[in-house]
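Letters are used for the chains, namely A, B, C and D, taken in the order the chains are written, and counting of residues starts over at 1 for each.
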Amino acid sequence: MTARSGAENMAPAIELRGISKAFGPVQANKGIDLLVPRGTIHGIIGENGAGKSTLMSILYGFYRPDSGEILIGGKPIAITDSLTAIRAGIGMVFQHFKLVQNFTVLENIILGAEDGPMLRTSLGRARAELKRLAEEYELQVDPDALIEELSVGHQQRVEILKALYRQADILILDEPTGVLTPAEADHLFRILRGLRDEGKTIILITHKLREIMEITDNVSVMRRGEMVASVKTAETNPTALAELMVGRKVLLRVDKAPARPGAPVLEVRDLRMVDADGVERLRGIDLSIRAGEIVGIAGVAGNGQTQLLEILGGYPEPGAKLAGEITLKGQPLALKGSDARARRRAGIGHVPEDRQVEGLIMDFTAWENVAFGYHDAPEFQNGLMMDNAAIRADAVGKIERFDVRPPNPDLASKNFSGGNQQKIVVAREVERNPDLLLIGQPTRGVDIGAIEFIHKRIVALRDAGKAVLLVSVELDEIMSLSDRIAVMFDGRIMGERLPEQTTAGDLGCLMAGVAPSDQDAEAGA
Amino acid sequence: DPALIFDLGGKFDKSFNEAAYVGAERWKAETGGSYKELEMQSEAQREQALRRLAETGANPIVMTGFAFGEVLGQIAGDYPDTKFVIIDMVVEKPNVQSIVFSEPQGSYLAGVMAAMASKSGTVGFIGGMDVPLIHKFECGYSQGVKATKPDAKVLINYTGTTPAAWNDPVKGGELLKAQVAQGADVVYAAAGGTGIGVLQAAADANILSIGVDSNQNHLHPGKVLTSMVKGVDNSVYDAFKAGADVEPGIKVMDLASGGVSVAMDDNNKPLVTPEMQAAVDAASKGIIDGTIKVHDYMTDNTCPVQ
Amino acid sequence: MDFATILQIVDSAVRLMTPLLLACLAGLYSERAGIFDIGLEGKMLMAAFTSASVAYATGTVWLGLLAGIGGALALSLVHGLASITFRGNQLISGVAINFLAAGLTVLLGQKIFGLGGRTPSLEGDARFHAITLPFAENLRGVPVIGPIYAEVISGHTVLVYLAFALVPLTWWVLYRTRFGLRLRAVGENPASVDTAGVSVTRMRYAAVAICGVLCGIAGAYLATGISAGFVKDMTAGRGYIALAALIFAKWRPWPALFATFLFGLMEAVSNRFPDLDLGFVTIPSMFMNALPYILTVIILAGFVGRAIPPRAGGEPYVKER
Amino acid sequence: MERMPKWADVILTPLISLVLAFAISALVILAIGESPVEALKVMVEGALLSSYGWGYTLYYATNFVFTGLAVMVAYHAGLFNIGGEGQAAIGGLGVTLVLLYLPWPHWALALPAAMVGAALFGALWALIPAWLQARRGSHIVITTIMFNFIAAALLNYLLVNVLRPQGSMDPASASFPPATHLPKLSDMALGLGFEWGKNTPANITFFIAIGACLLVWLLIWRTRLGYEIRALGKSEPAAVYAGISPTRIIVIAMLISGALAGLMAINNVMGEAERLIFNAVEGAGFIGIAVALMGRNHPFGVFLAALLFGFLYQGGGELALWTTIPRELIIVIQALVILFTGALDNMVRMPLERFFMAMRKRGGA
């Protein structure tokens, strides 16, 4: 805590009183009160759709509340738009970044905070300021890089820099670690602590209780639009928080029996891929997965995991050149062109990394999406027509077994929360009982209740003797779910580990491309 | 009451629909009578309009444009007591008068004048859409030019392939400039609203133009050499005047009957030299007495010159 | 083909491309801000009518130009209202505006002038006249440069020079000013502009208004610059061609200059060679008239490749659904 | 949960929008010094209050159903087909070739063949833009616009130089043999023993149009192809993930779209003109865009919107025919209808939603 005095400084940085917000018939926030003392890190947790993002967006002036009052530094303030919020010293890093993809970092930084009508002066000043900020907070990014060329981690840095450039005193981060590697997350937390120690106030939304315990001073829990609790972090524990959040007891560990691997299901030999731009994405992957085991692939996003999943799923990006060998249950798979359909028939299920872009047609109803990719299955056909009744009946069953909420098969998929969208995808792929399940980022942005459920289903599939290839940037998830771990870096497998014989630090080294010491290499072999 | 139906170009097409309108108005002013008028909106309405007018007792029913031919042929028999007058097309029915104009003859005279007025020996023709009717104008004109100046050059352009070709003065002006660049110093425009742009651009470029259908000499006095006038107004006037007693059959409106002519008035007086007038008179005489044969493009889809 | 002919064709191309260029730049501002506009045609038409009417009534072409801008701006406002304020379908709005202009111009023209939708011909100060640039005639004798200067560069109306000047200006505005930065951002990711504290609505209205102004100039050029009066439907599809040029140019100002020049050039060529005699076969005039369209398809397919529109284009900005 | 009841969304909103459009039209009519009441009377009487009016209204509506469906199918695949105009024109060429160059003993045999000709030619005219979009990424909006112009040029050439009978002034083909003339709805009514719509062009194609609506509905919402078309239209990456080939679907969807546009020729060329004339499509291709969008890209909506536009066409035609109101007024009314029901619909919907939300709150409290 900083040692400033004076009545005004004693006032909380933020005080919300009775904030309510409805989106049409959905009551996203109901009479929310919140108090955030100056110079603290305040955590907010809650299930998907609890209203966290909405509340913060109101504070940032993105949405306007239906009722309620906002006080900044003890003074009531009407935040009608983001400009007022920025002027009041608030900066926000949104869950879905608000960056212009084909602008440079510098252009994104100055957008809306230009010095005058001509860009030249603004750009010059911003470049200097950026350099200073980058050094002060270890937030290095190339100011002239295009956003679309940056990794998500770096994009997030840009968002933070944007806020700092606008001299934010209050920094809101909505699920910032969802897309970060452990090392990046640690780095972020170091920065946040530094900012706090300078007297800035930080609000952090996350689904990860470990992070709450690690970094926050206070934590508030939201459920169904209401603020159900606000406590000092030191006075609570993860289990209690989880219970507050979900309203029931949650198992925070993955409970699984030891694997009993059978015959190899998937064999990948020296798989190489050069994309349409001539960049070598995969540089000789060797991988084998046996029936009844979960192989986890750890790695920083962008090291070829996406390409690996796409190739195995049968839809390499157009124009890519492939080489190598893939065999499924002893049968070689063709590498030419794209044939996701044939892969499904051959028994490969695939939960893609991005459910909203690939896994679902957001405008389709839930029942339509439950057949997506399998819409040509014989049981869904009725002569020349599709058997919509059969598809719907199938969907109703899956929705029930996977506890998708609301259990309404006719609702458009975009109207489900992220966690429930994910359940729809997982239900579709898992219940087909594929011999091999490809699953990318199964729990990204999903709340702990749903995570528990999805993990259980993956383990159940394994126990039924199926092979699972799990790709995740969550080390916790990889460590607790996998029977074997492979680490990818720069298009190669850097090494394999058994979960019980490795540590996060060890994996982190591999993920960063640091070659294992001799000893480690032996252990991995 | 008589009735008048305009074709799709509309009553104010600066061309023959407008001429028909003028004739009807003249009849109205002189007789104090009233008439019904219709403008086509779509192809399917032709039959509708004809039948409805016939059923309401209009007589005679005058229509402009060859496009009515097909429909009129089908329905005329259903209304034996009604007289129909169709302009620019022959429909052989006992109650139909078909009025056709000898555009080639009039255009021939225009060609004679163009050839004489041209100093460069290059003259131009700008048509609207590339359809046979316009080729009639073009071919007659070329014959007149060549007969007067055998080594003269005739530049030919058509505006386009869609109905927009009739309403694109910008393109008309640009075509004229292109012809001027190739040496043309007299240009004949048979292109409806597009022609307005041609005449304007000709006046701007300080060369001579020739108008079509109605007398357009007044549009740019001293810059429009003449206009090839089709007496559509007179035909409509005559038909209205004759009322129910319109003579069925084919009425050829040629030079002899005064159906086509080149306009001479105060606006183009300074441009028409006595020699030119003499040449025009001689050519008219020759055409009327048959010593000059003006080939009609429509008879064989070819033009003897070019 | 001799040098003089080439110059004449290029000269004609410059005149023909000017309305396309103006409309194309108009579309560029609008679409770069995320508002698709297939109503360029209608706005130009309306501007052509209002400019010709007012120029005729006042005898002053500059007032006509202002009126043209006003006419197009009014339709822009309708488009803005539909696509920004009421988050309507931008394509439908554009289609409606094209119809509206086609009908209203004739209706009003007929009511006012009684000439079936035409305005009377404009004379004297009621239209723009070609200006001869300094020394154009003196330099004509200089080899190569002289004729180019005298034939192609000199001798156009002021609006032609304005249109060409707008290309570097647009480039500068787009890439060198705060306004341009925000404009481009709002077409790519309006949420980023919104969260940066800038009003998306205001930016988009500004873009749509600029689009109206430029369409206004384009329409005024058609009616008072290159010809002398309004004739119904006189835009004759140029708004659609401008749109094609815009996509062709991938929404960038300098390529827009190139694309519209290409269209102008192709039209000039087909004007000059109505029946192209290739020796073994003569291409009929119908196909020479269609040449610009055929070549567009070929060029598009062969050389241009995928044109990626501004990412937020065509979609209304909706925060709360 | 919805913000307002479905009936309010699909019926009340367009209805109010329509009323607004007509209100503004009335102001326009007043402004040009005519009587809106009189105009409305003429329109309604001329288009709806007699079997005669209906005969025309249905004829126009049939055209718009085909072009509307064409735009709709492409739209579901995420493609904006502005080329209906050209595709319908070339469809007419197909009909003409079939009917003029093959001998037909009876219309019932000629019709299916002509339909194949129309659909095939329309589809072929859509194929090149489709293929260029799928394989070369050439923007389909430009290519279809260009193909409209090219179709006009091609038809102009063929009609003047190839199909036109010797000595005819008209750039039109010869008339089709009488055996190929389609039965008019009026003939069919007479066959059933009552007089209806004498001398109107509405013909058996109207039923084919209704059939087309049903088939398109089945196609889009009941078949695998339709499912894949919709999936691609909503999200290309997702479609690829699901093993749907974008190239294939783009080409197929455009072929169907072009075929539907081409089929319009059965109505106007075979059914009405009974020969191929220049500009037979008369802008129906563009009206199809409005019809599809107003019909919310659903065949039933397309059908209703086509009827509305058929009414406007016929009522407007009557207005132009029998009053001194210039025919351009109809274009203005059409524009206003498109604007209010298609683009400014939220202007009506937003307050309505607020109203229903308030009602629900009161009901719930």
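In this text, a residue touches a chain if its C-beta (ideal position, glycine included) is under 8 Å from a C-beta of that chain, and two chains touch if they have at least 3 such contacts.
Just so we're on the same page, UniProt names per chain: A = Nucleoside ABC transporter ATP-binding protein; C, D = Nucleoside ABC transporter membrane protein.
Computed from a predicted model, the values in this text were never measured in an experiment.
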| item | value |
| --- | --- |
| Farthest chain (mean CA position) relative to subunit A | B |
| For subunit A paired with subunit D, centre-to-centre distance based on mean C-alpha positions, whole Å | 46 |
| Mean-CA-position distance for subunit D and subunit B (Å) | 36 |
| For subunit A, residues that touch 2 or more chains besides their own | 24 |
| Junction residues of subunit C, two or more chains touched | 110, 117, 237, 284, 286, 289-290 |
| Residues of subunit B engaged with two or more neighbouring chains | 10, 130, 161-162 |
| Chains grouped in pairs wherever the two touch, ordered by label | A-C, A-D, B-C, B-D, C-D |
| Subunit D - residues contacting subunit C, complex | 28, 31-33, 80, 128, 132, 136-139, 141-143, 145-147, 149-150, 152-154, 156-157, 160-161, 286, 289-290, 293-294, 326, 328-336, 338-339, 342-347, 350 |
| Of subunit D, residues touching subunit A in the complex | 1-3, 218, 222-224, 227-228, 230-231, 234-235, 237-238, 240-243, 245, 353, 357, 360 |
| In the complex, subunit D residues that touch subunit B | 56, 59-60, 149, 152-153, 156-157, 160, 164, 166-172, 175, 199-201, 268, 272-273, 275, 277-280, 282, 313, 316-317, 320-322, 326-327, 330 |
| In the complex with subunit C, residue positions of subunit A that touch it | 23-24, 60, 62-63, 81-83, 85-86, 92, 94, 98-103, 107-108, 110-114, 116-120, 122, 162 |
| Contacting residues of subunit B [partner subunit C, same complex] | 10-14, 18, 130, 156-162, 164, 167-175, 177-178, 181-182, 193, 196-197, 200-201, 204, 219 |
